[in-house]
Every structure is written in structure tokens, then in C-alpha cells.
Amino acid sequence: MTLADHLPILPVIIPALAAPIVLLVMRRRPVLGVVVSVASCLTMLATALAMMVQVSDGTILAYAVGEWAAPFGIVLVADRLAAMMLVLTASLALIALLHALVTRADRKGWHFLALFQFQLMGLNGAFLTGDLFNLFVFFEVLLIASYGLMLHGQGSARLKAGVQYVVVNLVGSSLFLIALGMLYALTGTLNMADMGLRVAAVPPEDQGLLRIAALLLVSVFALKAAVAPLHLWLPRTYAVSTPAVAALFAIMTKVGVYSLIRVVPQVFGEGAGAAAWVPAPYLLPAAIVSAVIGFAGVFVARSLSEQAAYAVIGSTGTLLIAVAGWSAGSLGAGLYYLAHSTLAAAALFLVADVVARRRGAFGDNASPGPVFAQRGGVALLFMAAAIAATGLPPLSGFIGKLLILKSVAALPDWGWAWGVILGTTFIGVVGFARVGSAVFWKTAGEGTAPAGPATRADLGAPAIALGLLVALAAGAGWASVYADAAAAQVLDPAQSARAVLTEAGQ
Amino acid sequence: MMNRLLPHPGLSLLLVVMWVVMVSDLTFGTLFLGIVFGILVPIFTAPWWPERPPVRFVPALGYLGIVLWDIVVANFHVAAIILFKPNRNLKPAWLTIPLDLTSPEAITVFAGTISLTPGTVSSDISACGQYLLVHALHAPDPAGEIAKVKARYEARLKEIFR
Amino acid sequence: MSYEFLVASAIGVLVAGGIYLALRARTFQVVLGLTLISYAVNLFLFASGRLVVGRPPIWDKAVSDYTDPLPQALVLTAIVITFGMTAFVVILSLRSFLETGSDHVDGDKVPCDAQDGMAGSIAEDGEDTRP
Amino acid sequence: MIGPLLPWALAFGFAALGAALALNLWRLFKGPGVADRILALDTMVINVIGIIVLTGIASGSGTSFEAALLLAMVGFVGTVSYAKFLLRGDIIE
Amino acid sequence: MSGAAPASADLIVSALVVLGGAFALIGSWGLVRLPSLMERLHGPTKATTLGLGAMLVGSVVWFQLAEGVWTTHELLVSVFLFVTAPISANMIAKVHLHRLRQGEVSKGAGPAGTPEPPPGAADWATHEAPHQGTPGDFVGD
Amino acid sequence: MAIALTLLTLVALPFVAALAIALLHDAGRALHSGIAAGASGGGLALLAMLSAPVLGGEVPSASWAWVPALGLDLTLMVDPLGLMFAGLILGIGLLVVIFGHFYLYAGEATGRFFASLMLFQGAMLGIVIAGNVLLLLVFWEMTSLASFLLIGFWQHKAEARQGARMALAVTGGGGLALIGGMVLLGLVAGSFDLATILERGDIVRASPLYPVLLGLILLGCFTKSAQFPFHFWLPHAMAAPTPVSAYLHSATMVKAGVFLLARLWPVLAGTGLYTGIVTSVGLTTMIFGAVVALFRHDLKSILAYSTISQLGMLVMLLGFSLEAAALAAVLHILNHAAFKAALFMSAGIVEHETGTRDIRRLGGLAKAMPITAMIATLAAASMAGLPPLGGFISKELMLYETPKLALLGLPWLLPLLATLGATFSVGYSLRLAAHLFFGQPREAEPFARAHDPGAGMWIAPALLTTLAVLLGLIPMLLAGPLVGAVTAAVTGAPAPKFDLALWHGVNLALILSLIAVAGGALLLWQHKPLLAAWERASLPDAKRMFEGSFAFADKWVRKAIVATHTPSLQRMLLASFSVIVLLVIDGAQAGGGVLTGGRALLPATPVAVVAWVLLIAATAAVVNDSRNRLRVLIYVSVIGLVVSLTFVQFSAPDLALTQISVEVVTILLLLLALNLLPKSPPLLSTASRKWRDGALAITGGVLVGGIAWAMLTRDPGPSIAAYHLANAKSGGGGTNVVNVILVDFRAFDTLGEIIVLGIAGLGIFALLESTATGAAGARLRAWREDMPHSPERHPMMLVVASRIVLPLTLTVAIYLFLRGHNQPGGGFIAALVAAIAFLVQYLAAGFDWSEARKRFGEHQLIAWGVLVAMATGLGSFLFGAKFMTSTFGYFTLPLIGTFELASAMLFDIGVFLTVFGAVMLALAQLSHIAQRAARAARKGGEGGA
């Protein structure tokens, strides 16, 4: 067995090793800690890319941890979707880490780098696992790490928001466990592929329980994804987080969406009786409301970071409009948009920080402030990020939205979907234009407050994020084909069941 | 050296016995492990018990027997009071027992014994460490009670902790 | 009265108490509510293996019938995780109180930016600052 | 494997412990002081240990013994911490 | 597991179980009916520990005689209880004394009244920090 | 290939130029304008190369796949329509660059200016040579974005910012409608390739979606082309520097809408719906713009409304759906580009040289700046449609077509209204020239400053005016082939026969034209009284309405968002619980309707009922008595006790052990925290709130309890646990199946679990590390004990007992650890027991004393624990096995006997270390601040006394 055979587990192992090592070396040799962190992220990216190459032909890699055959042990499943999420996570991680290091955000509290690696471990594990309880465990890993990161730097706003964030997620975790208990009680298994096969055998008198369990599970994912009305925790949490952290958190809501995409077709697909396509009646309305609320928030927000936070909600709504179709086309469009919106949100948070760092006491408030260093360049970055976040050309958001528009046109409710996607884009454009013109064009009275000193270094991370968006737009042909294939793979659970339940045992 | 290896010999012995009792198995393997832990654990926890009170084992065993017997008796005694003596006939009292013991370990064992035996609970020690405050459930004769306790337990403890 | 009824009703009562407390206004009560909920959740998860008396999942040559060990393992994991989370939230609420002087979970009723005097500043782009 | 007397004895034992728990509960709610409540809890722990021991005898299995041991060990930690809290506010100072 | 238990085992164990149960109940009954905290303290610290002790010995005997298994570990429970019960009682008594002094116990001191301070200048440790160099002050930070 | 490269270069040149200028933004103006001019000129040269084949009937095109899944290809094609527009964009672009070079003041950000201009040029070029409608959309929205930058160029000016935002909102918003329309169009036509779509007009017009897509596309066109009622952004876009206005409003931005109407003519035009909407909107706009233009005073504003009017005319012509009208439109596009760019530049010159654009302050400038006057007057004449200028010919053509359509069934209405519009056009054009250059100077100061600029500034408008003149004098020679070819491209049919000339004999068009000229002269003559009447009629101000509506939306949307998104935990939880309860109710209704399953129930013993009563009573007490916090903790302990007993009763010894030990640590934690939390009474909820929460709580409780009941009363089906039971001993080497699951079958979960605990410890440490400083530090320093405390810190009996208990408990922990694989116990429980043992030391002897004796670092323990667990997992790599593959073996040593060693136990050591480290870290850290707080308080007390 070569290292390549262990490919599916490496994305979990790498950060899980890096984190304790960072923890050990950080006190004496902080530079080494930084080196280990960066090396870990780079290795993770390389691994994820290697995995993407491997699975791009439709191969599904199943890795039975401890060589206990599925469904009896825990199995990791690397398919197109998982590989895509891993590449996205690793890219985002590098960007966020770079920004944290450049802005020295990692020095503002304890254990930033270790928590960062643990967070990545949780994310990667959640994207890879094929076991529902293991998904819960990785959810918890990424959540507890996110608590630490979210509170990094502290201050009263963060602490206050932190209490709310943590409590809400604790409730979510409780629901997850209840749903898990019910599903185990009904199916006798925890492996998703196995469960997908076994739900068909749930007797008629248990269909109510099955549907309840499915609904609970879906609502947990919705809570993580910040789908209205379960989104209330997000704006404050994201807006007050350290920007590098908020940028990394751009992937956090996507974990909820990912889980929805992963679990619903596999477990609650066609054969699931009363639980078949269980989110169906709710998802589109909720997505529409989320999109509207999110972009309305962008419209009225009074700071760049707040805007970015609402943009996250809005983009999730847009994404779920596509997901709600549960067709290969719309899901593929959604996956492309998922990658885009994650990077776009990260770019927005980082630009907000770049602005805040330069404007002294004005921070990233949407008010006129001093003329600051590299204003033109920063303004361009902001404009690009806003273009990305709203989905205007020429960045990938536009292509994503076109893909969604095109794919949902086949749905019965396409009129609503179109209206909301186009309407919210409009609201977003107006909102970003207002805030942008106030921050970058309008100047407060002379001498009201000095601009902060700044180097160009902190422009790097957001620029890279935006560069990736350009690449995503330029490579949209390949990316959309990949996303479509990933969607088709996800929607064909029999494929993964074959791979997981037979190969894993070998 | 011996002090390092066996900071609390009595404790080590106790641990070995405890291990065997716990595992409920008197084989050589068990005993061996018991001895290993009986040595290692006290070494590891030695910093938390810096004092090395000398303990004499033989009197200690005798004391244990007496106390166990007293505990059984005390229970019937207290049970009778709880069941049959109306509250109005109850004569609870605070006893202030002057201490001849000086080592904390000895005082603690004394106080513990008092708590476990007939109708008395050790409640406090004086700030100067010379008196023990004991609550008696039913003590029509406080002075007699004090004398009895001192004679039966404290005298023996003075022998054990010398 | 069956064991099943006792356990199910206990779960229900714990959930009800937990929800009620979680909706109170101060961190301590909320933490209590979460604690009650987590008891209920652990019992619930445990109950997914049904109730079995006297057949612990300790393998023995002579025994062929055991209770379901898997929910137990899951609950064990859940207890540990819940403990970690509870500890974190307790200390976070304490820390938050120390920082802000308030243990109200609703934070400030006023939105964070209402005080900074910039409300509306982007809607009306009236005056000019440079000639 | 169980003799003629033991089932009755166990029934009595369980009944006694159940009644004891109920009495503890009464004291727990009645108080009047916090010390009374702590004492009630402490007693409850001991009675629960009793129930566990009897359960062990009744089922002929030793697997619940550790639970009893652990309760005996840590029950006191709870009592002491409550008391310390009332005495000093800060339980670890 | 063996076949039918010897009659002696049945008898002995039954007796111990009944005794244990009875003591546990009596201890808890004392907790309810005795007039004040200090009196109630006697019930659990003694009656229940012996009650438990009887049941534990019953368990040892049972496994030995009926099941043919030597299980002595039950005795360990008693050891721990005997070590810790006096401490618990002591700490609860201290709370009582402290609250008594602070005037916080609603029903007052109970039939034994409030304890007199010990002879000499020093008070009880609960009310006055143990003097330096005395047994009460030999440890801690 | 050469064609492909040419096309690509053509569209890429401006973007490359923009990038180059942006990168060289610190370089001088000459370089910036040089690059821009070079790019425009280069583009023109390429276009010239293409013009011959294009006019010869070829359509050079090239295509690269971009997003095949979407149908978005990078298809470029130049047909005559595209050629004409590209020529205008590049030609006028070049002139604007030249003009702008001289126009901009010293110290202005020329880099930003020219970069934005080139960006805009590229986007415009993209629109006109895109061969894929989705690609066209990309460029379309880019023009909105680039124009945003251009209009807001003078960013310090409020009107510039407002104008930019307004233009973006209206044209960008319209663009979004266009996106919808175009995607629909593509879906209906079955392709997004423009050439294909143009061939499928019949299919499109027959589609039931035709009205929808038509409406959406028209919305895009009308907003971009400033058609009434979306016209209002255009006058405010005049806040841009004049070169920008000259560019945007003559040949580019606003023409994009017209271009698209022309482009899609074969697909969309010809239906009654199309003709009705487009014609009437165009007509209305034409008249409206002309009327308003007559009464504006700002030169650029006059030009803006004139642009609106002229665009209205173009739109109307295209709306006719007649080939001849299309031809008129094409010709007028050329004319308008020429005279309007010239006029804007002239207005810029006037402003530049007189310092004002207010026509009321100017007059008689012909004397001071004759060149400018000549240029502008000729251009205005063309705009007025006076012979012998180009504008005359296209207006003639327009009027000639009007009788062919019956508006509202009245054949005379359209000619009448069109003539009315033409009349006003003549009026404002004459007024512009007359009031600006002729008559007497109205104010001395601007007049005194006025003089003709250097040639660099007037050369561009001069060229344009020349063009406008020549378009009238030699139209067929100059534009005949082009117009013919373009018209053919627009209509998708062979060009109609046509003859462009000033004189076609006396016909209706000529008469109407004469009426218009006469009427225009009359308007000029009567301008003063008319103006007074106009100003008396207070017309709604579009800008105020626009800003007002946004302010209104902002206010109320904000209110709504703030009201619903107040960061209130109660609200978040209420929303969550409510959603869940509703979902569960939904799910329950879907079921088979059986609540109770068929499993045989276990009768409960009386003791169990008592325990149940304990739990219920304690829960009720917790809820009821939540104010007295210590009491509540005691009740919680009771609940924990009953739960532990439940686990014992139902065959879960490991769980019981875990629950018992976790319970103690939790209580310690809560007590530590409780000491520092405020003791003030809780906020009392209102009665209604209590009822609401109570109802929700009871519903939730009933539902979860009901689910639990349903679950418990059903027999389980086959479970994977059977495999675990069967293989624990043989495959996992342990008889405690729960433990084998934890450290072997599902060790991966356990790895995550200990990491969660480890992170919690680290997080807690990070949280508490900073408490000594800042607000928290101040609060801690101000902290006072709330009740008188006993002075005794370390009760003697407790200390002594704790010393004996420590080794005893540790030995028990070792025992629990070692046997965990086979009997209840294991690393996690052992770690908790050990932690409790040490915590008792802290409890008894104090933090400092214990800390000084501690020989382990919690951080290191956590790290090493995770590393040990990981290393155990990785160890299997060495044996060619997958991560965490376990192994075990039985070994026999003399005297000691047979014992088992399992790799899972090594893993369990990792578990032990992490859990122990995390628990110690959390509690020690917490007690530490508690201690510091107490110290701070004591110190404060001493200081105060």
C-alpha cells in the first residue's frame, strides 16, 4: 500500500498532525509553527488536487478506516463533490492563512494556528466521511474550532456574538443527535450508503418517524447553512469575527449546503418513502427568503463586513434555489456557484479588513473617512469583490448565475426563482455601489481622523481570492462540466453505494 | 533512596492490597502489577504529600478492628435513636474536645473515627489546632462522652502516630 | 407502568424544561436549559438501542444475547462532546460577562451601528467636502 | 441460582432504598438550609450506590460495580465542592 | 454462574440485604425527621454507610457462595465511603457553623444550640483562619 | 486563423490598454492618452482591414468554447451592423481620447480616467461584435460598471457619485432584466449563438414566452438607451467629465440599447406587440426629451435631453418594423454620433474656456471663439435637421415613414406627433446655437475669459462636424454602401433600394420638415414666455423621486432587517425551536399514524418509578427555581444521578461511568463559573412571554417524548451492531464491545471526539488568558465577594483526606484504563477519574500549591495525546494497512501469566492524555482567574482600607 492508496484520508491526517505539532512548537519557536501551518495547507492543497485528478473520471475512492468494512466501520468517500470541496477548502485556507499572517492576526490571541488546522481537519473530515455519525463528529470538530477562531482577538462584540453563535450551534448539535438516534433506530446503520439502501425497508407504520428524522436532519443542515429563518445567528457572528477567520468561515455555511446535497439524494432519495426528497416543499421558499433577506441586508448594511456577512446569506439562498431543483443540471449549476460564492465572500471579508486597517477609527463603516493609502487599488479590489458577490460579469458569479437561471428554467417555479435571482442581484448592485461610493469616493472633513499606516502586503490575500475567481470564470467550461458531473454522481447514489459497500472492505 | 522509592510505605502497602482487592484475583501477575503501581503511584504523587508521618502498623490494625466494631455498634445505636427516640427527648450537644494529637494526619484520623462512630460528628477544629468541635446526637453527659472518646481512640492514635 | 414510558416521558420533560430555560434571558439559565436538553438527547440517543435490562455488551462465551452496543458508543462520544461544548459555553458566557458587564444573552437591543452616527449617511449623498 | 429468600430480601431492599430516595427528595426540596439540601444529595448518592449494588446481586453480574465505586469516589467531590462554594465562594483558590 | 445456591448463601445474603436496606432507610428517615441539620447529619454518615457496607458484603458473599466467583472489589466502595463520609460531614457541618454565625440559617441552631468558642483566644477554624504553625495551617498555598 | 486573431485582438486591445494604463497609473498623461489613442487607432486599423470583406458580404467570425455547458462561447463576429458600431466606438473613441488629453485639468488622475475609458471602450466593442448573446450580456453589464467609474470620475463631487450610482442602478438593473430576457431567448431559440438565434425568429415569435422575453429585453434596451420613463439617469450622468459625456451619449453607452434593438430586429420585430410598445415608447421619449431640452439651461443638460429625444426617435424608427425605417435609423445613428459628439466637445470647450456651462450667462461667443462657434453651430444645425446637413436627410426619411403606421388606428397621429417632436428638436437646437454664440453676451465675466482653445482641443469636434456636413452633402458616396449593408444586416433581408439625397422633390416629408423648421423658429422666438410658463408648471423631479424612493426603501428595509435581525439569542432560539416543532408536526402527519409499536414493554420496578419521580421533580425544580443558582445545581446533580442510574439499569455500564465522572467535572466547572457570574435576580419575563415559551416548550417536550416512545415501543430491525458483537473479541481483541467500538471499529469518531475536547480546552485557555487586562480585568479588580466568607481556605481534614484519596483514585484510574478493553472502563473514563483526583487537590490545598507540584503541561498533554492517537493510526501504514487498522496479541510471561497487548490500547493512551489535559486545562484555567479575581478583590480591599 503506497501513500497514494491513503489519499482519501490524507486531508484529515495532515491537519490533525499539523495542529498538535504547531501547538507544541508555538511557544518556543513561533516561526516553525507558521512554517508547519503553511506547509500543511500547501500539502492539503496538493493532496486535494491529486484527489480531484483521480476522481475526475468518475472513480469513487472508498477508504475503510481501520479496514473495517462498510457499513460496520467508518468509511471515507472521495468522489467529485468531495474533491471539489477539499480543493476549495485548501485554497480558501491558504488565502485566509496568508491574510492572517500578513496582518499578524494570528498574534492577537492564543492558539490561532493550531485552531486553524483543527478547523481544517473538521472541514475536510466532514467533506470526506461517508458515515452519518462521523459527520456529526466532524461537525463538532469544525464547530468547536470555529468557536475558538471566531472569538480570536476577543473584545466585547465578539464575545457577545460568540455566546449566541455557540448556543445556537449547541441546539443544532442536539437536533443532529436526535435525528441520528431516530435514523439508527429505524435503519440499524450509520453508513450513509447503507442507510440509503435500508430506508426502503422501513415499514409503513414507521414512515412518520422516518420523515421526522429526515426533516430534523435537514433542518440541522439548514441551520448550519444559515437558511432563513434559521440564519439569524450569522450576520453578527461573521461581521465581528477576525477577517481572516470570517474569510475561512465562508466555507462554513457551505458545509451545511454540502451535507444537504450529500445526504438528501443518498439517504432520502427516491426510495425513501415518506422521507423521499424530504426538503422539497420547504427548500425553494426558504432559499428565496434567504436570498431576499441576504441581499436586503447587503442593501442596508452599514459596514463592509456586515455587508459581506449578509452577502453570505444571500449567496446561500441563491445557491439553494439551484439545489432545490435536485436535477443534475441545477445541482451542477449550484455547485459551480458554491465554489464561486465561497471565494467571493472570502474576498469581501478580506477587502473589508484591508479597508478597515487603513481607515483608522472609521474602520470599515460605510461612511466617508480619510483618504487612505492605495485607495485606488483597494477600491478596485472592493469593486471586483462586489462584482463577484453580486454576480455581475466578468467574474465567475455571473456565469454561476447564468448556469442557475438556465438550469432552473425547467422547474415549475422558475418564475419565482428567476425573479428572485435577478431582483436580488439588482439590490446587491445598488447596495454595494452605495457603500462603495461612500467609502472610497467620499471623504470626511480634513483632519477628522488620520488614516492608518499601511503596506501593500495585505492586498495579496484578497487579490489571490479574486484571482481565483477570475480563473474560475476563465476555466468555467471545465469547471461547469466538472460540477455537472459531480452533481450527476451525487444524484446517483447507487454508484457510490457500489463503491462504498463493496470496495471498502477489501 | 528508600525514601525516594517508597515515600509512603504504608500507602504503598494499601495500594497493593487495594489492587488485589480491586482485581479480585490473587495471582502472581496481579500481585506483580499491584506492587508496580504500589511503588509508582506514590512516587508520582509524592509531591502532593510532602509530609512523611511515621505509622506503626500493628497498633494500626488493632485500631482498625476496634473502629469497625464500633461502627457496627454505632449504627444500631443511632438507628435506635432515629426510630424510637422522640425529638423532645433528644439531647444533642456540642463537645469541645481538647487535642493531645498534633500531627494533622493523626487528628484527621481521630476526627474521622469520631464521625464514623457512636452518635458523634466532627464538625470543626480550633484555629490554634488544639480543640476539636464535635456534635453529639444524644449526649446527656458531654464530659463523659469526651473522656470516652479520648481514651478509646486518641490514646491509641498517639501510639500509632508517634 | 413500563420502563419505556418512564424513559420516554423523562426525555419529554427534560426537553420541555430545556427549551423553556434556553429561551430565558440570562446566560446561566440558558446554560441550564442546554444542560437539560443534552441529558434528554443523550437518553434519546441511548434509547435508539431500545431498553434492555441485564445484558450489558460485555462479550462472554456463554451469552448470546446483548443489548445493542452501538448506541452506547455513540452516546459516550456524545457525552464527551457535549461536555466539551458545555464547558466552552459556560466559560464563554463568563468571559463575556466579565468583558461586557452583562450576562444578558440578548446583547444590546440596539443594533451595533445605531450609535456611530452614520445611519443614513450613505442614503443621502448631499454635501461636498472638497471644492 | 437464586434462593427462596433472596428475591424477597431484594424486594425489601429495593423498596427500602426507593423509600429512602423519596425521603431524600423531600429533604432536598424542604431544606430549609442549603446545607440540608447538600446533605440530602449526598445521601441520595449513597442510596443510589445501594441500588446499584442490589442490582448487581439481582442480575448476578459484576459489571455495575465500577459505577458504584466511581459514585463513592466522586460523590464526595460534589458534596465538598458545594460546601466549599458556600464557605469560600471560590472552590479552587 | 453455577447452579442452585447453597441455602446458607441465600440466608446470609438475604439477611445482609435486608439489614442494608433497613439501615439505608433508617438513615434517610433520620434525615427527614431529626430536628436540625446537625442531628440529621448523623443519619447518613453512619446508618447509610453501614447499610451500604452490609449490602456490599452481601454482594461479596453472594458472588462467592452462589456464583463461585471471588469478587472483593465491592469492599473498595466501603473503603472509599469510610474515608470520604467524615469529610463530607465535616464540610457540611462547617457550612452549618458558618451560616449559623452569619445568621443565615432560618430555623437557628437546633436543639444543641450554638457551639461555644474553644477555650483560649482562638475561635473555630471556620470563623477564624487557622493560626500559622498549627495543625490546621500546615498546607495549601 | 488570421481572422480569429484579428477579431480577438480587436476586442482585447482596449482591455490590454486599460490594464497597461492602470499599471502605469503613476506615469504621465501623455503616456496614458498615448496608449489609449494607440489602442483606439490600432483597433480602427484592424477594423479597416475587415471593412472591405464585411461590406462585401462576408461575416468574419471566430469562436472559442468557453462554457459549453451553458452555451456561452467566446464567439466574435463582425457584420455590417457591428462594423458600423465598432467604427463609431473606435473612431469617436479616438477623438475623445485626443480631446480628453487636452481637456483634463492638471493634477487629475489621468491614469484612472483613460483606463476606465478603455475598459468602457472594450466593453462596448464587445457588445457590438459578440456573436453569442450570453457573451453580449457579459459586455453589456461591463459597460454599466465601466460607465459607473467614468461618471463618478470626479468622485469628490456629490452629483458625480449620485449620477454614477443612478446610472448603474438603472442601466445595470435593466441589464439584469436583459439577462433574463436573453437567457429566455436562448432557451426558446435553442441556442445562444447569435447567428443561430437570428435565423429562428419565427420560432421565437411563436413561443408563448415571447411576450415575457420581449418585455425583459426591451427593459434592458430602454434603460440603456434612456427611454422614457427610464431616461432620468442620463442627465445626471452629465456629472462626468465632458469627454466622457461626448463618448457615452453620442456613440456608445446609450446607443447600446439601440444597437441591441437593431441586432435582434429579425427575431423580435414585426409583431403588433413589438411595434406598439417600441414605437410608442420611442415617440414619447422623442417628444418628451425635446420639450425638456428646450427649457434646460446647462449646456450639457440640453444636450442630454436632446440625446434622449434623438434616441427616442431611433427607437421609434426601429419600432416601425419597416425596412425603410430601419434604414433611416441606421443613417441617423451615424448622424447623431457625429453631431452629438461634436456638440458635447464644443460644450466642453465652452466650459473649459468660459468657466460656465450655464447658457443664461453666455451669449455672443461667436465673436470670442469663432472656430468653436462654427463647429457647434453646424453640428446643431445637423441636429435640428436643417439642410444641407446629414440630420436633415435622416429626419426626412423618418418623417417619410410615419404615415405608414396607424397609431391608435389613426393614420395621421404618428406624422403629427413626429412632426411635433421634430419641431421641438429644431427649437432646442436653434436655441443652443443662437443663445450661445449669437446675440449679445449676457454676462461679462465668462465672455471676457472666452477664447478659442488650441487646435488640440477643437480638432476632434471639427472633424466630427465635417463628417456631419459631408453626410448631408455626399451621403451616398460617404455612407451609402455602409448604410445599405447595415440595413440589410439589421433586417436580415437584402437592402432595400434607397437613395440618400437632400432633395427628393416635394413630398409629405418635406412639408412636415418645413413645418418643423418653422415651428422651431417660432419656439426660439417665443422662448422667453414659453420658459416662464414651463417654470411655472412644477414638474416632478425624477432625481428626487429616484433618490427618495431609495431613501424610502433604505429606511424601511433597514427597519425591517434591524427589527428582525436584532442579535437576540432568544429570537434565534425561538425561531429554531418553532421551525423544528412545525417540521416535526409535518413529519408526524405523514406517517402511518401508529404511535405505539408492537414491542413487548418492560414493566418498571417501584424503585424505577421513584427514580423517575426524582428526575421529574428535579427538572421541575430547575425550571421553577432557576433563580437560586446553587440550589439549581444541586437539582441538576440529581438529574445526573438518575441518568447515571438509568444507564446502569439498562445494561450500559460504560455510559454510567462516563456520566458519573462527567457530572462531577461539570458541577465543578459550573461552581467555578457561578462564583464570578452576577447574582442579581434574573430578568423577569412578561407573562405572555412565559406562556408563549411554555407552550412551545411543552409542545417540544411532548413531541420529543412521543418520538422516544414511538421508538422505544418498536422492535429494532437488523443492525450493524450484530457485526460488532460478533467481531469484538475475534477481530478487535476486546470483550467490552462498547470499548472496542470506541477504540477500534469507530476509533475515527473517537479521534474526532478527543480533538473536540482538546480544542475546547485550548479555546477555554485562549478565552481566559486575557482576563487580567482590559474591561474584564477592570471588572475583576472591582469584583467583591457577595457574601461574607469563612476565613479558612484549606480545611485540614479535607486536605489530609485528599492526599490519601489521590493515590487511591489514580490507582483506580489505572485499573479502569487497563481493563477498559474487556470490561467497563477505558481511557476516557480513566482520564476523567484521574483529573478528578487532581482537581480534589486543587480544591483542598489551593491552586498555587497544587500547580507548583504539577509535573505536566496541559497544552503538551493535549498535543501529545492527539499525536499518540494519530501515531497509532499511522502506525498501520507501516504494515501496509489502512489508517487505524488495529492489531492485538496475547503474550505469556513467566510468573505473570498471559496478557493481551492491543494497538487500540495505545490509541486509548492518546485518548487518556488528551482528555486529561483538556479537563485539567479548562478547570485549572478557570480556577486561576477566579483566584486572580479574588486576589484582585482582596488587594483592592486592602488598598481601600
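Points worth noting:
All chains are identified by letter, namely A, B, C, D, E and F, in their written order; residue positions are counted from 1 within each chain.
Going forward, a residue touches a chain if its C-beta (ideal position, glycine included) is under 8 Å from a C-beta of that chain, and two chains touch if they have at least 3 such contacts.
These numbers were taken from a predicted model, which means no experiment stands behind them.
Path length between chain D and chain E in the touching-chain graph (shortest route): 1. Steps from chain B to chain D, minimised over paths through touching chains, total 2.
The most distant chain from chain B, with centres taken as the mean of CA atoms, is F.
Central chain (C-alpha centroid nearest the global protein C-alpha centroid): A. The chain pair with the larger count of C-beta pairs in contact, out of D-F and B-F, is D-F.
Ranked by distance of CA centroids from chain D, the top chain is F. Between the CA-based centres of chain E and chain F the separation comes to 69 Å, rounded to the whole angstrom. Separation between the centroids of chain B and chain C, computed from CA atoms only, is 44 Å.
In terms of their C-alpha centroids, the spacing between chain B and chain E amounts to 13 Å. Work out the mean CA point of chain A and of chain C, and you get 23 Å between them. Under the contact definition stated at the top, the residues of chain D that touch 2 or more other chains are 14-15, 17, 19, 21, 34, 38, 63, 69, 73, 80, 84, 86-87, 93. Among the residues of chain A, those touching two or more other chains are numbered 133, 137, 140, 144, 147, 151, 154, 156, 160-161, 163-164, 167, 171, 178, 181-182, 184-185, 190, 236, 434, 437, 442-443. The residues of chain E that reach two or more other chains are 1, 22, 27, 29, 41, 43, 49, 51, 69, 71, 73, 76, 79-80, 83-87, 90-91, 94, 96, 98, 125-130, 135-136, 138-139, 141, listed in rising order.
Per the contact rule defined earlier, chains pair up in contact as A-C, A-F, B-E, B-F, C-D, C-F, D-E, D-F, E-F. Chain F contributes residues 796-797, 799-801, 803-804, 806-808, 810-812, 814-815, 841, 845, 850, 853, 855, 895-897, 899 to its touches with chain B in the complex. By the touch rule above, chain B contacts chain E in their complex via residues 18, 20-26, 51, 71-72, 74-75, 78-79, 82-83, 87, 90-94, 96, 98, 101-104, 107, 111-117, 119-131, 133, 135-137.
By the touch criterion given at the top, residues 22-23, 26-27, 29-30, 33-36, 38-39, 41-43, 45-47, 49-51, 69-73, 75-76, 79, 82-83, 85-87, 89-90, 93-94, 96-97, 110-116, 118-131, 134-139 of chain E touch chain B in their complex. Taken together, the chain E residues at the contact with chain F in this complex read 76, 79-80, 83-84, 86-87, 90-91, 94, 98, 102, 125-130, 135-136, 138-141. Interface residues of chain F facing chain D in the complex, by the touch rule stated above, are 605-607, 609-611, 613-614, 617, 621, 630-631, 633-635, 637-638, 641, 644-645, 647-649, 653, 656-657, 660-661, 663-664, 667-668, 671-672, 674-675, 785-787, 789-790, 792-793, 798, 805, 809, 812, 816, 823-825, 829, 833, 836, 839-840, 842-844, 846-847, 923-924, 927, 930-931, 934.
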